[in-house]
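You will see two complexes here that share chain A, one where it goes with chain B and one where it goes with chain C.
And then the complex of A and B:
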């Protein structure tokens, strides 16, 4: 098991190191989420109150994560690195877990900028809303790293990913918005936890079939 | 067609007869709904179609599961046909639900109907299945990715249902409750006959489509063999 975790850590570290050197995903995500929030300011009428802003925060987060996920498997596709990884003597699900952790790190970094910006521009965020963001990010990255591997295997990768991912992300948005604005956020947080568990297990078990020839 | 199962013609005729019986019961035997009147009759079509769509998606996921566990190639076309039939019946659910919403609530679309919203989400999800499937080169990889996607579908159904339930503030008319169906005997009979006829129809369509797809695949193999 320690070998498995070491593999996962090595794979995640590889992605983070690549990003540190090339810087082609995270700056784009940061700029995108800020630009989206500014666009939303102009999209919202002035007198609607805070609730619509919370909804738009979730739209911004999901779309920002899409931007990162679309690039998630690009390094593996270039020069056939994925074939090498699949041939490596490790459980294939380690590749998925490493990618999920790396995507989560990117999304987390984007949120570290996006959430203070949201508070500054729009409305305060309370504890349940933040817990919702954390739980939703786990679900987004768990499902997202699997479906982006699916999309990466197809011809129309960039176009396909949002089509596959958005229907799967609808429950996340429901849970996240509920946790942000509901009087009783507990059930929405529980729902997000349930979503994470169901889809993380499914993605973990299914990943092998997506990458093997 | 295999010789063991009854021929498709017999099943298709059975579906047609059952459909005729269902229509007769729906309009001449089942009492008119006290609350909704004539428009409630679409219930006998709408709900069986929706249940059939679920059954098709479930069948597709089961075949997908079999494909992943046994690597049997034939399950790929079966799973694909299941998704295809499910999408057809899902679209019909949206159409009949929309008509029912117009008749009983006066609008073509309402976000307050959990079932309709769920079918919209599923419709979007399974439409993307075709986009995904047809942008991957045919082969074992496409079979497995399609299968994983079909399996995700059955996980998405309950999760989405829960999500929509949480998100909604109104309720859909609940016909089945824990105390059993809230219908008279004739209404329930009409519902069951209609359900049986639509399920049979779906089965016939599934078999016909599958046979066509198999012939298509065989033909392509023959052509490739001839060309090489």
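And then the complex of A and C:
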């Protein structure tokens, strides 16, 4: 088990190092989420109340994560590095978990900027809404890392990723918006937690079949 | 006779309607060196990818009596991260392969393949020859018992090719080697068997 976790740590650390060096993904995610919130700020009529704004926050977060996920496996596609990882004697699910943790770090960094901007432009965020963001981010990155690996292996990756990922993200948006605006956010948070658990286990188990023939 | 490390029986591989390999069979034991030759498109690379488990046969069987921790592979691509340095790449793969005394082993390989001075440079700044040397370091890092090399001399200069030949000479008596090449004469002193692939 400690060997597995050491592999996951080494793989996640590698992704963070690559991003710190190349700065390919995070700056794009930050600019995108800020630009989206600014556009929504001017697009939303002033007298509609806060509820639609919470919906737009979730649209912004899902599409920002999509931007990051589209680039998640680019370093592995270059120079055949994914084959190198697949040949290594590590459990293949460690590759998925390392990528999920790195994607979560990037999305979390984007949210650190996006959430204060949302509060500034639109409405306050309470505890359940923030808990919803945390749970939703875990689900987005768990499913997204698997789906983006599937897309990366295909020729039509730019089209395939949103086509597969967005339908799978609908429950996340339902849970996230519910946790943000419902008077009983607990059931939506429980729903998000269940989604995370189910899809994390499925992705963990399925990853081997995605990266091997 | 020692038990074969690799046994291929009636291997066929298709990509859609196109048959790339047809009825390939061979055995290879420790100390054996199989040289695979054939024109472009004859399936050399496909056969090597089947051997290391990166692809599966459409028909027939390939049995490798080794854990994948004991197999080393050099393909057409270097299988490393272009934006990591040589040292960072070897450290990452060394961790995944649980290489004992990793820093010493990495340092020794970088020295041997003439990359020590470039150890802190990103691979994206490497020439093709330097990248190929690094790919060889990565494949040898965990001291594999089966080494599978796809045109390993390509992109190497005379000195690099000489280094590789010397390395293979020291490896073969203790390990098994499969090399796909367009220069079989280069390995004539090592080869214990030859497999000539034709267009299927």
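Quick note on the criterion: the second predicted complex is superposed on the first by the 213 of 213 C-alpha atoms of A that agree within 3 Å, B and C clash if a C-alpha of one lies under 4 Å from a C-alpha of the other, contacts with A are read in each partner's own complex, and residues count from 1 in each chain.
In this text, a contact is a pair of C-beta atoms (placed from the backbone, for glycine too) under 8 Å apart; a residue touches a chain by one contact, two chains touch by 3 or more.
Remember, predicted model here, so these are calculated numbers, not experimental data.
J.: Applying the touch criterion given at the start, work out whether A:213 contacts chain B, chain C, both or neither, answering first, second, both or neither.
T.: Both chain B and chain C are touched by A:213.
J.: Have a look and say if chain B or chain C is in touch with more residues of chain A.
T.: Counting contacted residues of chain A, the larger count belongs to B.
J.: Once the structures are superposed on A, label A:164 by its partner contacts, choosing first (chain B), second (chain C), both or neither.
T.: It touches chain B, and chain C stays clear.
J.: With both complexes overlaid on chain A, does A:85 touch chain B (first), chain C (second), both or neither?
T.: second
J.: What is the contact status of A:17 with respect to chain B (first) and chain C (second): first, second, both, or neither?
T.: second
J.: Just checking: does A:59 make contact with chain B only, chain C only, both, or neither of them? Give me first, second, both or neither.
T.: neither
J.: Does the superposition put A:3 against chain B (first), chain C (second), both, or neither?
T.: In the superposition, A:3 contacts chain C only.
J.: Could you give the residue numbers on chain A that contact chain B in one complex and chain C in the other?
T.: In chain A, positions 212-213 sit in both the chain B and chain C interfaces.
J.: Using the touch definition up top, name the residues of chain A that touch chain C in the complex.
T.: For chain A paired with chain C, touching residues are 3, 6-7, 10-11, 14, 17-18, 21-22, 75, 78-81, 83-90, 212-213.
J.: Provide the residue numbers of chain B that touch chain A in the complex, in ascending order.
T.: Touching chain A from chain B are residues 68, 121-122, 124-125, 127-128, 131-132, 135-136, 140-141, 144-145, 147-149, 151-152, 155-156, 159-160, 162-164, 166-167.
J.: Could you please specify the touching residues of chain C with respect to chain A in the complex?
T.: Against chain A, the touching part of chain C is residues 52-56, 67-69, 71, 73, 75-84, 88, 92-93, 95-98, 122-123, 131, 138.
J.: Mind pulling up the chain A residues that touch chain B in the complex?
T.: Touching chain B: residues 146, 150-151, 153-156, 160, 163-164, 166-168, 170-171, 174-175, 177-178, 187-188, 191, 194-195, 198-199, 202, 206, 209-210, 212-213 of chain A.
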